[in-house]
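Shared chain: chain A. Partners: chain B in the first complex, chain C in the second.
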Partner chain A sequence: MRSRITRRVRIKTPDLNLVDRVKGHIDAIVTAAFQAIFPDRITIQYPRERRDVPDNFRGMIQFDINKCISCFQCSFVCPANAIMMRGAPDGRYYPCIDYTRCIFCHFCVDTCPRGALLRTKIHDVAFSSMEEMFATTEELIEPPEMLREDDTVIRYRIENGDLVLEKIEEIAELSTRPEIQVSPAKLSACAHPENCIACTLCYLTCPSNAISVKVVEGKRTFEIDPKLCTGCGLCVKECPTCTLTLIER
Partner chain B sequence: MAEACYLCWEVELPERRKKGMKYFGILKEFVIDSGICSHCTTCANICPVRGITAGDKPIDFPNWIELCVDCGACIRVCPRWNYVPLKGMGDYIEILGAKSKRFRGQDGGLVTEIIASAMEMGEIDRAIFVGRDDEWKPVIIHVKSVEQLEGERIRGTKYSFADVIVELRDAVFHTEKGVGVIGTPCMVSGVRKLQKVVKRYSENVKLVVGLFCTENFYHHQLSEFLAEKGIDLTKAVKTDIKKGKFIVEFEDGSKTSFSVKEFDEIIPSGCKVCQDFSGVESDVSVGSVGTPDGYSTVMVRTEIAKKIMDYIRKKDYVEFTEPKPAVVEKLVKYKVKIHPYPPEKKE
Partner chain C sequence: MAVSGTSRQKQTDEVMELTLVNTVFQIFSSNMMDIPVIKPLVDVLMTVPIVKYLVALILWKPFFAVILVPGLTGLMLSLLFIIWFERKLTARIQWRMGPLEISRSIGGILQPLADGMRYFFQEIIIHKEAHRPYFVQFPILAFIPVLLPVLFIPAGTVYAIRTPYALPVIVSLISMIPVVIMAIGWASNSRLAFIGTVREAFMYFGYEIPFIIAVLAMAVLYGTSDLYLIVEKQRVWGIALNPISALVFLITMAMATSRLPFEIAEADQEIAFGPFVEYSGILFGLTMTLAYEKMYILGLLFSVLFLGGGSGPPLPFLGDLTPVIWLYIKAVIIMCIMAFLRAVYPRYRIDQALRLGWTYLAGLAVVSVVIAGLISAGGLLP
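On to the complex of A and B.
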C-alpha cells in the first residue's frame, strides 16, 4: 500500500523584474480605459435603448373602432378572460383589455374577422396602479401611452460564434405592422326555416338593427337587411335551434 | 353553399286564446293551472330563454311576465294543448316477451338492450337515461357508450318525474348519428310534437322508446309518503309497481309493499287525465305487464325498431317468451277507465 503523503505547497508570486511589472500594470490600465469608453456588452440599456423586434411582435394592442363589427369574437377567444365587451352609446359593444390578465397571445388579433385589432411593438407594460392596467375602448383607440427615452435601436448579430450587438442611432418605430389579412365580409341568413321557433332572439341580439320582425295574419315574419347586417354572427350564436348561418356576401 | 339560404322567412304562431297575454301565461292558465299538465317538460326544452323550469316542481316560468319572449313555442310543442287523449294499444308490427342476456334491468332489461344494440349498429351515438342519487331522485345521464350502461343505477325504474326532454336539447344539437330517448308516454308525445315543430329534432331523434305507464310522481311527494311509512329509500335497491302494489326492495333482500290505492293523494293531476298506457306514439314500447317476472313486454311499432329487434335476434342477445297481449290490453283499458277526460267533477 502506498502511504498517503501530505505536503504543503506554497505558491510563490512570480519573480518579475521591475520592467515586467510596470508593463503589466500599463496593460491593465489600457484595457480598463478602453472598456470604459467602448464597452463589450450584450445587455441593452433600456429604456434609453430598445431592441429591434420583428414586425409581427405581439405587444400591446390597438383598436380601430371603425372596423369593429361588435361580434364579441375577441372576448370569446381570449384564453385569459382579459377582454371585456362594453356597451357604447351606439348600441354596440366594444372591447376593453385588462392588462393584468392579458398574456399577449394575440389570439384576439388573429381571430378578429375585420382586422379591427392591431398589433403594436410596445411591450412596456409598466403601470403605477392596477386600475391603470385596464385599457378602456377609448384608450385602446390611441396608441398605448408611454414615456419615450430611447434614441438607439439595438440589433443582435452572431459573429464568429459570438453574440454581437449592433447599435443603430434612431428612434424605433413601434407601430409598423404587417397588413392584416381579413376574410370577406359575411352576411347572416336563414339556412333552416323549418327549425325556426319564432323566438326573435336574433332580432333582440342584433346590434345593427338588421333584423326586423313583423306579425302578419298569425305569422311572424323575419327579414334580414343585407345593407345593415355586418356579419357579426351574434344572431347565429344566439339562435337556440341553429336556424341561422353566416354566408359569404 | 349547396343549401338555399333566405333573408326572409316566416313562422306560424299558435292561436292566442287570451288577447294581451303572453303565450306562457296562456299555457299556464289553460294547461298548468287547469291541472292537465303531464310534466313531460317539452316546453322547458323549447323555451328559447330557458326560463321554463321543471325538476321536482310543477312547470313554471318565474317572472314570465317580464322574461318570456312570447314566441309561443311552448304552446306549439305542448302535448296537452288542445288535449285529445291518446289511448289504446296503438299500431304495432309485433309484440314480444324478452329478457336480455347482457343487461339486468327493471324487468327484462330490454330498454337497455335496445339502446345498446342501436348504439352498436351505429343508428344512434347517444341516449338519455334516468339514473338516480342515494335518495332515488332522478338524475339525467347522457349515455354515449355501451360500457356506460353497466352502471347499476342507470337501469331500472324511478317513479319520479325526470327532465329527460329538457336534456334532449343538448343531445340533439351535439349528436352526429342520432339520439335515443326513453320516456313515459307523455314524454314520447312531447318528442313527437317537437319533431313537428323543429326539423332538427325530426332529423336527429332516431329512436323513441316508450315505457308503459299508469302514473308517475313528484320525487319529494313520493319520498315523503314513503318516509311516513317508515321506509328509508337510501337503503332501497329497487322500486316497482306490480299487480296493484308498490314494492320496495332493500339491500338485504327484504321487501315492503303497499296498495297503490294509498298513493291516490299524491298522484299528480296531469297523470289523472292521461289515458295512454302503452306509449302509442313510440318507435318501440316496453313494459312489465304481459310477460312473466324477469321479462319485458316489447311492442315493436316502427321500421327502425324492427331493424334493431332483428339485429338483437341475429346476435342472440335475448331470450324470448310468449307475451300475453290480452293482459296489456286489459291495463290499456283500465287506464282509460280510471283516468277519465274531461275529469269527472268531484262533489
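On to the complex of A and C.
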C-alpha cells in the first residue's frame, strides 16, 4: 500500500497523430454546436424561479398557538438562546424568536411535543432593521411576509446517473404540514416518591391537567393520568425535590 | 456704375454657386442607388427643392457604401449584434443564461447598447505615468486603419473607390492596426500593458506573413487585385477553388482579431486586457471594439475573396441593395463563426501560437500559392 502511494507517476503529453487531433477538434465543435442549439442550462433565475426544497428544509419558523402547551421545551433546547418565552394575557407563555440569533437548527421544531412549531420553506425574507428581526408570537402565527415573483419550480431528478433539471410552471408551496411526532413519546412518572414534599407545584404547572391531587387522611397524594399527560416535562422541571422524571411510554 | 458692377458681380457669384451646386448634384444623382421598393418615395423627394440634395447624397453609391452599409452604420450594427451574440452563444454552450436582464423579452439584445451608453458617461481615468496625449488619441486614431478599408470593398456596384490596387491597400491598412495597438500599450506605460504589447508584437509577426501570403494566393488565382473583378470572376466560390488559402485566412483572422485560441495579447484572465488595461470609460469602449471592427473588415474581405462577395440569389424589389445585403450577411456569418470559436477552445501559449504561425500556417500559405498558381496557369478558372 505504501509503495503504491510513493510510486512516482510521470505524466506525458498524449502522443496524438493528425487523425486523432482532427477528430478531437470535430468532437469539440460538434458538442459545442449541439449545446448551442439545445443548451442544458443549469441556471436558476432565482426571483422568477424557485428551487424545490424538501419538506424538512430548515427555513423560517411558523407557530400554531392552539397546539402550544407552554412547556418551554423550545426555549430550553435552543442552542443560540434565540427563543424567548413571553407572557400572554391568558396567563400562559408563548415563544418569540429572535432571528438575529437564530441559527435555523430547528431543534425547537424537533423538540416540540405537540408540533406547535412548524417548518416553512421560506428563507428569503428581508428586514429593514434589527428590531424587526425579533418575531413576536403574533408575528410567528402568520407566515413571514415576503415578496413573491416566482412562477416556476425547479426540480432535479436523476436519470441514468445524470442530474436532470426540470422546470414546472407552478407557484411553489412554501408552508409544510406539521409532521408526525417521531421522537419517542414521554410520560411523566414518580421516580422517587419518598422525596415528595407535597408542594403541589407539579399540579399547578401541568398545562394539560393530567396531575390530580387527592387529600387522603390529611396527606396529599398525586396521581398522573397517562391519557392526559403529554410528556412535556414541565412538572419535572418545576419539582424542587427531583421526585418526577420522564420515562418512555 | 459701381453699384451695378457689384450687383453684376453678385449675380455672377450666384450663377457660379448654382452651377457648382448643380454640378455636384449631377455627380450625386448620376450614380444613385436604384432600389425599386423606395423608388416612388425617392421620386417624390427628388422634386422637393432642398431635400433632393440630401436624398441624392444619401443614395449616392460611394456615400452609401462608406457611411451606411457596408460602412459605418453596418459596422456599428454588426458590433452591437456580435457582442451580444458572442456572449449569448458562449453562455448557452457553458450552460448559463448570458445577458438577459436588459430587454428581457427579446433575449437581452440591447445589452451592448446599454454598455456603450454606460461607457459614454463613465469617468476616463488617465493615470500619472501614462503618456497623456498619446494615451488619449491613439484609441481614436485606431479608427483610421479600421475604417479606411471599407472604401475599397465593393458590394456589387456599390463601392467608394475602384482601383486595381484595392487588395494591397486593404491588407496594408489592416496591418497597421497592430501598430496602433502597440502604440496604445506603450502609451499606457504599465507592466501588464507592456507584456500585452510584447505579445501583440510577437503575434503580429506570427500571423501577418501567412495572412499576406494567403491573400496573395487569391490575387494570383484571380490574376487581379481589383476586388470588383475578383467578385465578377467567382463563378465558383474561392473557398472551393482554394480551400487551403481560406483555412489559413480563417486561422490568421482568429489570430489577428485575438479570438480565443489566440487571445494571447489580451488574455483577460492573466494580464487583464493587455495593452488596454489602463483604459476606462469611452476610451475602453473604443479599444475593446477595435478587435471586433477588425473582425468585421476581415469578414468582408473573406466574403469578397472566398464567398463570392455580394453575389447571391436576387432579392425582389431591392435592386442595388441586393449585393449589399448578401455581402453583409456573409460577413456577419463569418463573425459568428469567429465568436463560436471562443466557446470551444482554450487559449494557446504564445510559443504554441507562434510555432503554429511560423511553421504550419506559413507552410500551408505557400502551398495555397502553389495551388493558386496551378489553377491560374492551367486555365481552370472559368
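The criterion applied here is as follows: the second predicted complex is superposed on the first by the 142 of 249 C-alpha atoms of A that agree within 3 Å, B and C clash if a C-alpha of one lies under 4 Å from a C-alpha of the other, contacts with A are read in each partner's own complex, and residues count from 1 in each chain.
Heads up, the rule we're going with is that a contact is a pair of C-beta atoms (placed from the backbone, for glycine too) under 8 Å apart; a residue touches a chain by one contact, two chains touch by 3 or more.
Everything numeric in this text was worked out from a predicted model, so none of it was measured.
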Residue contacts on chain A - larger count, chain B or chain C: B
Partner chain(s) touched by A:D90 [first = chain B, second = chain C, both, neither]: neither
Touching partner for A:I42 - first (chain B), second (chain C), both, neither: second
Chain B versus chain C as contact partner of A:A32, first or second or both or neither: second
First (chain B), second (chain C), both or neither touched by A:E166: neither
Contacts of A:I224 with chain B and chain C, given as first, second, both or neither: first
Chain B versus chain C as contact partner of A:T241, first or second or both or neither: first
Contacts of A:T200 with chain B and chain C, given as first, second, both or neither: first
Touching both chain C and chain B, counted on chain A across the two superposed complexes: none
Contact footprint of chain B on chain A as seen in their complex: 189-201, 204, 215-216, 218-226, 240-242, 245, 247-248
Contact footprint of chain C on chain A as seen in their complex: 28-29, 32-33, 35-36, 39-43, 45
Sites on chain B touched by chain A in the complex: 1, 3, 5-13, 15, 46, 48-49, 69, 71-73, 76, 169, 173, 197-200
Residue ranges of chain C touching chain A (in the complex, touch as defined): 89, 92-93, 95-97, 100, 340, 343-345
